[in-house]
Amino acid sequence: MKPCKQLELYYHDLLHEGGNDIANATSAAATNATKLGNFKLGKLIIFDDPMTNDRNLRSPPVAKAQGFYFYTMKTDYIALFAYTLIFNSTDYRGTLNIMGADLMNAETRDFSVVGGTGDFFMARGIAAIITDYVLGLEYFRLKMNTKLYECY
Amino acid sequence: MKPCKQLELYYHDLLHEGGNDIANATSAAATNATKLGNFKLGKLIIFDDPMTNDRNLRSPPVAKAQGFYFYTMKTDYIALFAYTLIFNSTDYRGTLNIMGADLMNAETRDFSVVGGTGDFFMARGIAAIITDYVLGLEYFRLKMNTKLYECY
Amino acid sequence: MKPCKQLELYYHDLLHEGGNDIANATSAAATNATKLGNFKLGKLIIFDDPMTNDRNLRSPPVAKAQGFYFYTMKTDYIALFAYTLIFNSTDYRGTLNIMGADLMNAETRDFSVVGGTGDFFMARGIAAIITDYVLGLEYFRLKMNTKLYECY
């Protein structure tokens, strides 16, 4: 099936608990992990992450990804993501609302684009995630390939 | 594009931390803000808010809005909303499930109606939000204009 | 309206705070209840729950339900659910993303299936929930009848 719109962007995350200072960090924990298992189950991370066209963290962001992920598994690293991509550029204005499970050890993971507003009015689709780079707990970069299959 | 159904309702919020007592308050914080920025990033508010047909907080509610908002930005007031509108009246029975980013400083913000049940079976659409009134941290009222574009 | 796909599964939950030990528990609280009302408003439970074909908790899970529920009402037990069903079996691979209000005292409650991936690419539908069994705070079992009305 052919998408009606496609966006390939990079998501950059600098976790406060991963050693980034307050000025630099783009995400932080809102709750502590519970005692279940050894994979942070119950830890809730809130993020305000830049999305760029290329791999460079310092490139001008074309969108912000704002929302949370929540570790949800006792026996492996899986997190539930729920966030909005907020676009406010000459190319696009509007938002995409996204939800899905990040099976962190899988090569590609798919989230659901459950709705959109503005230039993405009523959109639906799939955001395919690939881990592009990880530096300990300090930084990770995801390649996020968003394919919309319902456009209005 | 013409909606297949439209609902114009008012959302009333009385925050416990804003000075409302336990009996009166309709929302409260479940987590504290993180240290990132000065815009409450990481603060999670849970609400059980009445929705009315007019601006009067004391009017009989036609629905309850139940869910949460989560401050998500370091440099401005933006919150991710996720909630259900629960209708249980002579007019409507059922729910609308809604998610989106509240860019609080924008005049109008659009959320995604991502699904519905009962009288709103499988609905999709847009809920347009306008801040109608604010009284410090104690009370705010939103005008929520919900337009459904997919009805079954 | 006839569903294009239907799945009848059982959801098993063993709450840590309900007396289950760390090894056994499949869910735990990430936040405490607020002071509003007497129905746990603000309490956020994160779960990693097995889904089985029959009522037996020890049957091989056909999916995991991972996500959270969040108590949202001052005057009754209602919780907002948001979770992913993760399938990884010979029958199905992929995920269903689900959100909705659990009006715990109603016989049947409907959640929205807001998206899917893999074998459930772009799916939408309704997950109808019935409480099948409750043992204090220690264990509850839900019958979850998922009907998809949009399949690709």
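By written order: A, B and C. Residues from 1 in each chain.
In this section, a contact is a pair of C-beta atoms (placed from the backbone, for glycine too) under 8 Å apart; a residue touches a chain by one contact, two chains touch by 3 or more.
Please read all numbers here as calculations on a predicted model, not as lab measurements.
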item: Homomeric contact chain A-chain B: same or different residue positions, threshold half; value: different
item: Cα-superposition angle relating the copies chain C and chain A, to nearest 5°; value: 120
item: Rounded Å distance, chain A centre to chain B centre (Cα mean); value: 23
item: Residues of chain C whose C-beta touches two or more other chains; value: 31, 44, 82, 99, 114
item: Touching residues on chain C, where the partner in the complex is chain A; value: 16, 22, 25-31, 44, 46-48, 64, 66-68, 82-84, 86, 94-95, 97, 99, 114-118, 121-122, 152
item: Footprint of chain C on chain A - complex, ascending; value: 1, 31, 34-37, 41-44, 70-74, 78, 80, 82, 99-101, 103, 110-114, 124-126, 149-150
